[in-house]
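Structures are listed in the sections that come next.
Paired with chain B in one complex and with chain C in the other, chain A is shared by the two complexes that follow.
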Partner chain A sequence: MVDISTAPQSPPIPTDGPWAVRTRRFGEVSKQVLRNPTTVAGLVIIVLLLAVAFLAPLLTTPNVPDPYQMPRDWGTRDAPPGTPGHLLGTTSTGGDVLYGVLWGARTSLQLSVIVVSITVTVGVIVGSLAGFIGGRLDEILMRIVDVFLSIPELIFALAIAAVLGPSFTNIIFALSVVFWVKYARIIRGQIIHIKQNDYVDAARVTGDSKFRIYLKDVLPNSITPVMVQATLDMGGIVLTAATLSFIGLAQAGLAEWGVLVSDGQAGISAGKWWASTFPGMMVFLWALAFNLVGDGLRDVLDPRTEGR
Partner chain B sequence: MQIREYILRRLMILPLIVVGTSIIVFSLSRVGGNPIAIYLEHEMTPAEVAEIEERYGLNEPLPVQYLAWAGGVLTGDMGWSAVSAQPVTEALFSRIGATLEMAIFAAIVAITLGIGLGTFGGARRDRLPDHLTRIFSISGASMPIFWFAILLLILFWVNLGWFSTGRSSPEIFASIAHPTGLYTVDALLAGNLGAFLNAIRFLTLPAITLGFGATAIIARMMRSSLVEELNEDYVDAARAKGLPERLVLRRHARRNALIPTVTVIGLGFGFLLQGTVVVEIIFRWPGIGRWMADAVLRGDQATIMAYVLFTSILFLSVNLIVDVMYAYLDRRVVLGG
Partner chain C sequence: MTAAAPAAGGTDVIRSPLVASVEGLKVHFGTKGGRIHAVDGVSFDIRDGETLGLVGETGCGKSVTARSFLRLVQSPPGIYAGGRIRFWSSLARRTGADPVDLLSISQDDLLDIRGNRIAMIFQDPGKALNPALSIREQVAEVFYQHRSDDLLYGLADDPPLIIRRAAGQRARGLERLLLKLPPLRGHAAKLRSRVDVHVAEALAETQIANPRKIMDSYPHELSGGMKQRVMIAQALACNPDLLIADEPTTALDVTIQAKILELIRQLQHRHQTSVLYISHDLSLIRQTSDRVAVMYAGRIAEVGDSDAIFSDPLHPYTRGLLAAVPSASHKRGGLAAIEGNVPELVDPPPSCHFHTRCPFAVELCRSLDPELEMVNGHGVACFAHASAEHLGVMPEELPSFAKRTR
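Then we have the complex of A and B:
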């Protein structure tokens, strides 16, 4: 991860100008973001979902040895919601739906944080190389990006996960391979635009090294749309992962929402609606919350790209 | 750059991207271990294994194997599909009609509903209808398509009994020939209205499910470009000359707002393509999406490779057409690579 504060030759935290400006700007942006009721609604849902993810071990008795595997109560199968001990009912294999819903939040949080970190890092590095250095390297990297974008996201991830075999780790890997391209494209466009500004020329005249100009002037001013996209992807990644595990690419019995919906699907014709409905609603809420916040951020930070 | 030059340039880059895509697809098939696995049976002698390797060229260097595979693809030979027990090309073409028919109906749903909703919201900016449209489109982008399908089935199949899964009632379609593979068209060609309505009934739920996400994308784009157009001077001019608001919207603003909306149709098409996999699983629809899902679960590499390559080429072509259309519609657009 590129970390501005530990960049070579630069003081740990500059005490003057730019940082004060940025802090003030952050305050203004937060105020504007919080003025939009749908964004606030999204934030509230995110806080609740994170609380569920963090408190899952306290709200339920963790399954041993692996808490991310569904506990099985073979004596109570297909129990409807409200059954004592099984507030949201059980699946056809005796899995407690509430347990899956709560621990699924934990699974989703880990998944989305890991994949977003990997893809933002790779995307920002590749996009920066292309945009900042330019020339032949830019041409080559962008053609590679075009090739990656030529396969629809879900289908690409599905194919990768399929050839690697069913496991949640492979889903994480597949999503990382697929999702970095967008960031590369975004940051490249931003950098090409920012490079033309006078203050970049000014820094060049004062004799700053290229790398220093990149870290100090170009990257911080190019990163905003990446943050918007990362927020949207926190939701989109969980949605895509749940789709892959619904299709059958996660290991069976994992406490993950897509797996649970898939388990519950067979029962719906017999009127057993709960095992699919509750976990599916969690995927929806998760994606919705991050989309609401990402959308609100975009309106404030980047109004020109609204609607894309 | 002139439009003709732009199109030529895009057409020249396209084969390069397709080659790149095919390299990725081929590499995928070799990442998951030696493809010889599916040809092996118990108690084969090493000599027999070597013979299989020889027959399928699996002992050649990878670039040679790639060229052999790519050559096969170009001549219509994409190998054997284990999940459908027939050659991949045959399997693909016998299933494509079902998927195409569902996607066409979903696209009709998405385009009409998306443009309608976007206009409805955009013309009433920051009022209740606008907020509702916004919530609808963000919900559409957040909706797990598999969950939406299941909710619709719980309501309309299990509880109300209006619809069912599958593609048609077999007894109604028993006597109908399938020259096109599209059941609605085949029914009309046979002059059988009952069969046509039957096919429509089976198409309704899958098409709505599949079209939902794309509807949301189109509605959102239509809304924001309409809001932008309504701020333009020509709209004020039209109002100033006394044109009723309804006509200002219909004759002027909406027409121009449709131009940027064209660009998201390509994105919406990607949504439709990838959605078919899940929708076909849940509605037991005999198309290429379910074929892919079966192949994924059974590790049938020839089928996976063919499916990914085929959908990518389709996706690239649609995006090319959309970009060219956009360039024609909006001459102001700066044409760049």
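Then we have the complex of A and C:
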């Protein structure tokens, strides 16, 4: 640490007001994240996938009335890639693979954003109550979490979605029900750990109320593992959803990668590889990209934890 | 059991008014193995403007005692099993109002006292600052909590409610957004610059270099000494009546330690603050304190003026401690350690807690609690100084420093 009083005048840091301070900190974190080439690769893929998701309506003619439903062209079935009008070929039911791949990105983005928002919110609230208040409430909430965790994720989601009937909304619901427990656990553990820090006592000594201490001292210092997990789950959720829709739990004909893979799988042995391969690659890229970024974030934000 | 605090001691000393008075404080911890009597009937006074040093070895209950002032002991497992801590704020002393009992006042009143009337500095400045907030935000917090009226004074004739809420850091969600929009933006900016002035002043008082720049730093960008200065700035921002310093220099290196001690002393004089100084370091306590209370195993062994304690220690424990402090006149290897360890404090039977290690202990010490009694102007809890008549025993039954029993 340089002693400022004796050191020559250091170059002025552009610090003006709390906002500048915050952006500086954000800058520090992002600089570290960007130093890792695999994370950068992941970020590039994510940007491309997001671009695809956002630009899908411009790149293809949206299907009417429901653009999330694949357009059917019964005249050209099983067309190979390169067919005019069907750049990536068609499925055995005449669905345009390119359309499915592009709109599938949109579906996946919606799905992952919705599910992650719901699960993070619920998980953080439940975990915070358990960890911050503790005692009997902690016991009760964590036993509920244990019940949820005792059933394997995929099977649990599958059971819920199956009971509710095939629809994409039900998949979203099922995934939300399954995924929140992880966040509750993570945040609870973090909070119990952070709560013991001297600066929490220091805040109590300042006269802060409990809720204010939670908002100001406990939550901001506990949230990073949740951010990491949420990034990883952005990928994992799409993977799980693809699994569920592959088995047929989404409505047929939905522009979703799992549905598309499932449509194409019958033709693979007959050499009609395209209908499964392209959407499969998209799922792979999506999950890979978010995992790379999630791992990179973890290295920077919480260097002490290794993969869970 | 140690009963009431020692009555105002020597006749030659004029004592200043009380700031705080601890009376028979008991803090227990419930564990599976039984109740740990961490603080077992502690009494002492802190007077206006003085520094009271609370000294004892690790685990003797000095930190728990200090934390009890602000009810910081986690409960459960901590239980306030008895006693009271009366506190006279400067206002109460001026108006002659009754003191409050810090152990029984409401949570709201307590929040108002914390950081405002009683402040605390922690042992490790590295851990006592929130790593996610800038120094500005952390010091400003005290002003937001306790000085929101001052912040608003002269800002506008009739500040809008939302600005008033902002000055108390109660603005939430949508309100925060509104504060960034035109009609309120000017007010909010003025409020912020006022807070900045207060924060910079508080930091400047601790002689920290370049306070305006420090404000925009995060704790990890500062050295240990600088962090401790920030903590002191935060603690003294509201001019508290009592500052509790829990080993404030233990985590710092020796050169910084001297500077911080000097700083605390200066600020104490300027702010007219009483200080409760907790340490296990006798030489440090000797430097800083006007009066000293020696704690052993949850009880006060001896309390009195610093000079008296160090020149004429009465309790065998204090004598042992002083014999264990190295000084220039000691020859190599000449230090005397106190034999044995601090006893387990799980459901202790009535006895002098020091009897297991005391070279003079007799039967009486194992069966009865010595009370804190006044001898030569200072209080000591040892039967060697007690009167046999008062206890109703034969004089031969009392321990004597002339007679080692082990």
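Everything below uses one rule, namely that the second predicted complex is superposed on the first by the 284 of 308 C-alpha atoms of A that agree within 3 Å, B and C clash if a C-alpha of one lies under 4 Å from a C-alpha of the other, contacts with A are read in each partner's own complex, and residues count from 1 in each chain.
Keep this in mind: a residue touches a chain if its C-beta (ideal position, glycine included) is under 8 Å from a C-beta of that chain, and two chains touch if they have at least 3 such contacts.
Keep in mind it's a predicted model, so treat the numbers as computed, not measured.
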{"item": "Dominant contact partner of chain A by residue count, chain C or chain B", "value": "B"}
{"item": "Touching partner for A:217 - first (chain B), second (chain C), both, neither", "value": "second"}
{"item": "Touched partner set for A:197, first chain B, second chain C, both or neither", "value": "second"}
{"item": "Chain B versus chain C as contact partner of A:64, first or second or both or neither", "value": "neither"}
{"item": "Chain B versus chain C as contact partner of A:246, first or second or both or neither", "value": "first"}
{"item": "Partner chain(s) touched by A:152 [first = chain B, second = chain C, both, neither]", "value": "first"}
{"item": "Intersection of the chain A residues that touch chain B with those that touch chain C", "value": "none"}
{"item": "Footprint of chain B on chain A - complex, ascending", "value": "38, 143-144, 146-148, 150-156, 158-165, 235, 239, 242-243, 246-249, 258, 261-262, 265, 268-269, 271, 273, 276-277, 280-281, 283-284, 287-288, 291-292, 295, 306-308"}
{"item": "Contact footprint of chain A on chain B as seen in their complex", "value": "13, 16-18, 20-21, 23-25, 28-29, 31-32, 131, 134-135, 138-139, 141-147, 150-151, 153-154, 157-158, 220-221, 223-225, 264, 270, 273-274, 277-278, 281-282, 292-293, 295-297, 299, 301, 304, 307-308, 311-312, 315-316"}
{"item": "Of chain A, residues touching chain C in the complex", "value": "1, 3-5, 13, 15, 17-18, 20-21, 25, 135, 197-199, 201-209, 212, 216-217, 220-221"}
{"item": "Chain A contact footprint on chain C (complex, rising order)", "value": "70, 72, 76, 111-116, 119-120, 122-124, 127-134, 136-137, 141-142, 145-146, 169, 192, 209-210, 213, 216, 218, 222-223, 226, 231, 234-235"}
